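Chain naming follows the written order as A, B, C, D and E, and within any one chain the residues start at number 1.
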Amino acid sequence: MAEILIKNVAKTFGAYQALQDINLTIADQEFMVLLGASGCGKSTLLRIIAGLETATSGEVWIGGRRIDHLSPKDRGIAMVFQNYAVFPHLTVFENIGFGLRMQKLPNDEVTRRVERVATLMHIEQLLKRYSGELSGGQRQRVAVARALAMEPDVILMDEPLSNLDALLRMEMRAELKGVLAESKTTAIYVTHDQVEAMSMADRISVMHQGKIVQAASPIEVYRNPSAEFVASFIGNPPMNFLPANAAGDGKWQVAGQTIDGPRTNNAALKFAIRPEDMSLADQGLVATAKVVEPLGAHVLVTCEIDGTIFRVILDSETTVQPGQKLTLAPHSDRVRWFDPDTTFAVA
Amino acid sequence: MAEILIKNVAKTFGAYQALQDINLTIADQEFMVLLGASGCGKSTLLRIIAGLETATSGEVWIGGRRIDHLSPKDRGIAMVFQNYAVFPHLTVFENIGFGLRMQKLPNDEVTRRVERVATLMHIEQLLKRYSGELSGGQRQRVAVARALAMEPDVILMDEPLSNLDALLRMEMRAELKGVLAESKTTAIYVTHDQVEAMSMADRISVMHQGKIVQAASPIEVYRNPSAEFVASFIGNPPMNFLPANAAGDGKWQVAGQTIDGPRTNNAALKFAIRPEDMSLADQGLVATAKVVEPLGAHVLVTCEIDGTIFRVILDSETTVQPGQKLTLAPHSDRVRWFDPDTTFAVA
Amino acid sequence: DVLFWSTQAKPVEEAQAMREQVLSGFGDAVDYQPNDGGPWLTRLNAELQAGSGSIGLLGGLHGDFSAMNPDDLVDLGDLGVTSASDTFNNLAKLGTDSLQYIPWMQASYIMAASKKALEYLPDGADIDALSYDQLIEWSANVHEATGEPKFGFPAGPKGLKHRFFQGYLYPSYTNGVVRTFASDEAVVAWEKFRELWEHTNPASTNFSFMQEQLISGEAWIVFDHTSRLAQAFNDMPDDFVAFPAPAGPTGRGFMPVLAGVAIPRTAPDMDAAKALVAYMLKPETQIETLRATNFFPVVDVDLPDDLPASVQAAGAAVAKMSGSADANPGLLPAGLGDKGGDFNRVFVDAFERIVLARQDIRAVLDDQKGQLAAIMEETGAPCWAPDAPSDGACPVE
Amino acid sequence: MTDAASVDLPRDTRKSGKFLYVSAVVLLCAWVIVPIYFLMINTLSSPETVTSFPKPLFPEFDLGSLKFFAGFAGMLAALKNSVLVAAMTMVMSILVGAPAGYALSRFEFRGKGLFRLLILLTRAFPLPLLALPLAVMFIRTGLDDTAFGLALVHTTLAIPFAVLITFSLFSGIPIELEEAAWTLGCTRLTAFTKVVLPLILPGITASAIFAFVISWNEVFAAAVLTIENRTLTAFLLQNLDTSPLHLKFAGGFILVVPALIFIFAVRKYLFAMWGIANR
Amino acid sequence: MNARILPYVLILPVTIFLCVFFLYPFVLVAQQAFGTGSGFSLENFREVVSYWKFPISLKNTLLLAAAVVPIQLALALLMATMVNRMQKGRDLVLYIWTIPLGISDLAAGLIWLAIFEQSGFLNTMMSGLGIVDRPVNLLSYQHPGVVFLAIALAEIWRATAIMLVILVAGIGLIPKEYYEAAEVFGASPWKRFLRITLPMLRPSLQTALVLRVILAFEIFAVVAALGGTLFPVLMGETYAYQFDLLNNGAAAAMALIILAISIAFTLVILRILRVPKGATI
């Protein structure tokens, strides 16, 4: 049982407030992904859970025990550091086996486990090297392997795959998920890769300026962002926004079009739609194509509507020229509305 | 004029051959992206160009001058290091201005340039901090800003955006491209992000085990991979392969289906298709769905055909259940063929 | 075994000889440990303060003992051994009624010269009866002939220069040391010494043991302690001559060196220590000591003929010195207690200021006089020869 | 500019730079070695040669002076004592000093300034003045005349070196490495011993060298605090200055040799063996 | 263990050690400087300061430190950077350079006296080369400059290795990546030294300088060997008070004065070389 409970955690560095009133529960064996802009406090939160940083206030519980005052080694946690922290004076083998030696496991058990995770991470042929003789991605995999070898109750991973190529990353993702599920490990995983977040997470917590804005399942976060920040942050390219003015009776005026929307008292709302949730049609929002970027299977067309950037992803079959006028029909069940004052979603 | 010419460069570390016979020309002002698996030698190549590592053999020319024997500072190069190498004893401001001070630029010019690139990288409010007080992504941006501030002839970037969130990364990409184009800088850019590679590159060089396998425009690399490695490496998820047996007269037997293909003398080829280049149809390859992963706008369905993993990307509207049989029709103009012996593409 | 804690016979060869030749004859094992003054005194004081210790026997100069608290030394009066000299025995009481230490061995300061220098002796000068003026002239001759000043004077940090002023220069010119410190005669004496200094090797401020400079030829005519000249005579017996110190207007001043042995009150084995004292004073031991250290016996002995060259040369020179018609023997400073160092410093400072810094002689002497007077008053030490006796503290006139 | 010129020019400057560099190294080596060489000449010369002029520039290999010491009673025992004391000093000063250096580099705590001052005071006050009270204390507590007792005093002298050197090097070890060790189940102590210590091996080595050398060459305390168990230095060195020249040199030489052997044995640990990188 | 008490636990052994073996005797000795038995007085200080040699020895000590320490620092830095970039034979070279460490100051004085004395090696070589026609007396009161130079040389020779070893240990820990970055950004070797080595070496520099300066104020044996009585220094005077004049109070006062000077300089060094908060690795 390694449920993680974070209660009212705050952290300040001098005058700078890095975390504010964080409340989060991560269920036992859950795979929680932390997403958020650079500098929003993800690493700080992980470091507080690991016990490397002391929270200015608040409590951290793991498995029903309050652990704020335990030293890192007593928290049953393993961590992958954002900057690896691979020991330079030890070989890859010794690095990976480091934690196991600390637990005084017998030699053959250490060897067995090290070799297992090394194979998993595709670094089995590097076991004799020192970290100075590894490439960036290899070093990162050593860091991951070192944490995995511990078979901890809780694993904290700070962008563990950021320096790997797409192919390897995809493989690693699957293996990580598999290994962690098998060992029933609770995981908190920081990533900037949304595909990674979407495909791996049981739940995603979106952080913004030291606060958690939404914590929900990937599809929920993607489809029903709770706030404008989440909407614009998740999804690549991000959601499009257009101002909407009340036209009464649940109708809203958006870029010259009248669209069905929520019945609220607001005079203005924000209309939001993901780039892929539109198709070329005879009727709809009229946009001027500006830049056309091939993305392989699709094209990303960056357009302008009333001076606002508006992106749409179309099948790469369609040929669009810059300057061309496009009429875009939003898929109505994918349209979302936000209150411009609170920035929160309106039902 | 800063054309880069790499002639027969090889590099060995002890017994390990990190680079073999690299030949590459990067045109003046070109934006060249290096792609390749972790540990394939990308950083090593950059470091050789920068002069931080001496090639075991071969020559490096920049702007028509052979520069192998110049020290790094005389090569007119700026570099973003994979591990940042942000000076810990200097503030962000001093870090970014470091190279400018070395050039003995006047104070106000230094300030002007530093502030400009800092704003570009969204770190203008961090200028007084030391690197120990920055988050990983912030540190990385300092490293990028430091290189940009130099306004060099050639800029080498080793995964410069790997630790940034998607939104910021997208912004940075655009700004990087803009700034480099404006300053007419020749760039070599290592990335693992294929979207980045596709959208930024003038040309992409794909490296594999210390060799360059293909150097061509993004769309070319994506659509017409010159070898199996490139095909499987580029594209996320990667291209699917199935064994094909000659059925005579340009027909090939693939997973029980007969498909038009090249007229060669081979008895066997490999049929290859990208996951997004298929649609559900009445006739085609029959696959059994195993895992269904939502990716936002699409779903990634991992299937099996004759025991081979086979991935397909479908519109997220389609509901697929694991275990379901799918009939997939490949878009015929997207099918590629590879020689299983040489691994090279067959016309 | 007995720990013999000594400031004498420090050079490794002498220490070795002490152990192997002198002390091996004592029934019990003796651990002979020579030390610099600093550690010697520090260790001794520590044992005295702690109230227990391992030092059995102390060896030191008269001055080393006079600086000590008399209560810390065991009365050796009942031992039944003393030196042959009443003067020494008196000195050894250190102003008390009891024998604080037993005189152990003696030496003096003499002159030595390289035979190469002899040809430059001034006309009519007798090397065994030189005057200061002749010495100066001789040195000047050598200086002129060789182009280099060849008189050597032990003015280095460990040199015994102060003894030259206290026991030789002042008695020879002023017939006193304390009373006449700042007299007009003293001014003359210093002027003479300045003249001599003209012909003195300027590196003398680094010289501590003149035997080295004699041997190396950096100095041809030198003044020093007999044992500090020994090596020259032993190594090259045919190259050097020893001769008495020069004479001045008030005679040929000279001064003995007296070393003694004493027992600290913390000695672990008092009987063994006392036995060792008695052993040290035995004539045979004294002769062996002479061989080992070049210090002469303090008891009556018949000197054998096979003594080292240094002993023979020095012995002869000292004999001529004390037997000369104008001999003006001085005594060791007595009654100064732990101010012996300050007393020396008055003379050393005068030397450094007058000779090295070339300050005005009169002014320096008048200045230093105050300090000398203060020392005498504080200690209340009465005058010793050649100063005229005093009631109470010896006055500086 | 032609290609050849642009390539050759820096090559030349590199070559001349290299030459300058090598000659500087050679010069500095000579600067250190030549005086030692003179010491050796004098050690291996007969007494007459030592005091002669001009001096020979090559040793004549007269072993007389060395033989004298070889026959010196108690040399071996003294040598043993010296090594014993130096070894104890080394171990104690590092065991005691390194944790304090660690505390200085990793923690902010009240009294830190005061503590540093105490360390410096220790080095800035001449030991001979302290010898008397120390000796009294030692005699009373029975530490007197033991190798251990002397090692305690020498450790006091070596501690400032150990603390300050380890302090300055600990500051160069990224704290992340230590943090990583903690998350892998290390206590502060094991993280320190398994990760930090190996990385500051150069600093430990430097401290060890200093401790050894300080103890080896210390005369005063050794002379006062040991009687039966004299160290070689107290045994030889303190009487050297009043000994005949040739023995001075031979004695000096004999004292130098063990220290040189020790430094030779540990020299390679002075280098950081693993490049420390942040990532 | 609690991070608040841990540092105290760590410094406890040293503190106990120093309290017992340094502070306790130090207090006893220092007391003697202030008055003789009864009451507090500065008489001892007045005495030592008013002695005519005091200003000279103070001047000499400071002058020597001022001449020697900067040169040693420069030399040690040069040597440290040189061995650091050396590929072949560097432990041999470093070993040679650290040899003087093993040589006590007494022995060093001896060695250099053998070089500078009139019948010494320097004269042998000079007359051998025909520079002088007969040996010149270098260490005499007539050439105070030469005496000073000889002392300074001997001291530089003897004690540069102390700094060298500390700096070598420190310089090796500077991550290579920073040099590479600086190099790419146009820093010449000299600039790299100024902008990377020096600032990143600050802690080691601090230590090396502090220890060296303190030792420089305690210089004695080498000076006594080469300068004889010509070059009085503070520590020599202190020993004279203690062991020749048996005036413990005055000796303690002298020692305290040296201590005060050392600490003052140390504080200045620590101030100049302090590492700003946050600017550590």
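Throughout what follows, contacts are C-beta pairs under 8 Å (C-beta built on N, C-alpha and C of every residue); 3 or more make two chains touch, one makes a residue touch a chain.
Treat the numbers as computed from the prediction; the structure is a model and nothing was measured.
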Subject >> Distance in touch steps, counted as few as possible, from chain A out to chain C >> reply: 2
Subject >> B-E against D-E, pair bridged by the larger set of C-beta contacts >> reply: D-E
Original post:
Taking each chain's centre as the mean of its CA atoms, how far is chain A from chain E in angstrom?
Top reply: 57
**OP:** Could you tell me the distance, in whole angstrom, between the mean C-alpha positions of chain A and chain B?
**Re:** 22
**OP:** State, to the nearest whole Å, the distance from the C-alpha centre of chain C to the C-alpha centre of chain E.
**Re:** 37
Original post:
What is the distance, in whole Å, between the centres of chain B and chain C, each centre taken as the mean of its C-alpha atoms?
Top reply: 92
Original post:
Among the residues of chain E, which ones contact at least 2 other chains?
Top reply: 1, 118-119, 177, 200, 239, 242-243, 275, 280-281
Original post:
In chain C, what residues contact two or more other chains?
Top reply: 36, 38, 216-217
Subject >> Where chain B touches two or more other chains, by residue >> reply: 71, 82-83, 85, 133
**OP:** Would you tell me which residues of chain A are touching chain B in their complex?
**Re:** 13, 35-39, 42-44, 82-83, 133-138, 141, 158-159, 162-170, 192-195, 198-199, 218-219, 222, 232-233, 235-238, 274, 276-277, 293-298, 300, 313
**OP:** Going by the contact rule at the top, pick out the chain B residues touching chain E in the complex.
**Re:** 50-52, 71-73, 77-79, 81, 83, 85, 87-90, 98-99, 102-103, 129-130, 132-133, 146, 150
Original post:
Which of the residues in chain C come into contact with chain E in the complex?
Top reply: 36-38, 41, 67, 147-148, 155-157, 201-203, 205-207, 216-218, 338, 341-342, 344-345, 348-349, 352-353, 356
Subject >> chain B partner contacts - residues on chain E that touch it in the complex >> reply: 177-178, 180-188, 191, 195-196, 199-200, 202, 275-276, 278-281
**OP:** Would you mind writing out the residues of chain E in touch with chain D in their complex?
**Re:** 1, 3-4, 6-8, 10-11, 13-15, 17-18, 21-26, 28-29, 75, 78-79, 82, 86, 90-91, 93-107, 110-112, 114-115, 118-121, 123-125, 127-128, 135, 157, 162, 165-166, 168-170, 172-177, 200, 203-204, 206-207, 210-211, 214-215, 217-218, 235, 238-239, 242-243, 248, 251-252, 255, 258-259, 262-263, 266, 275, 280-281
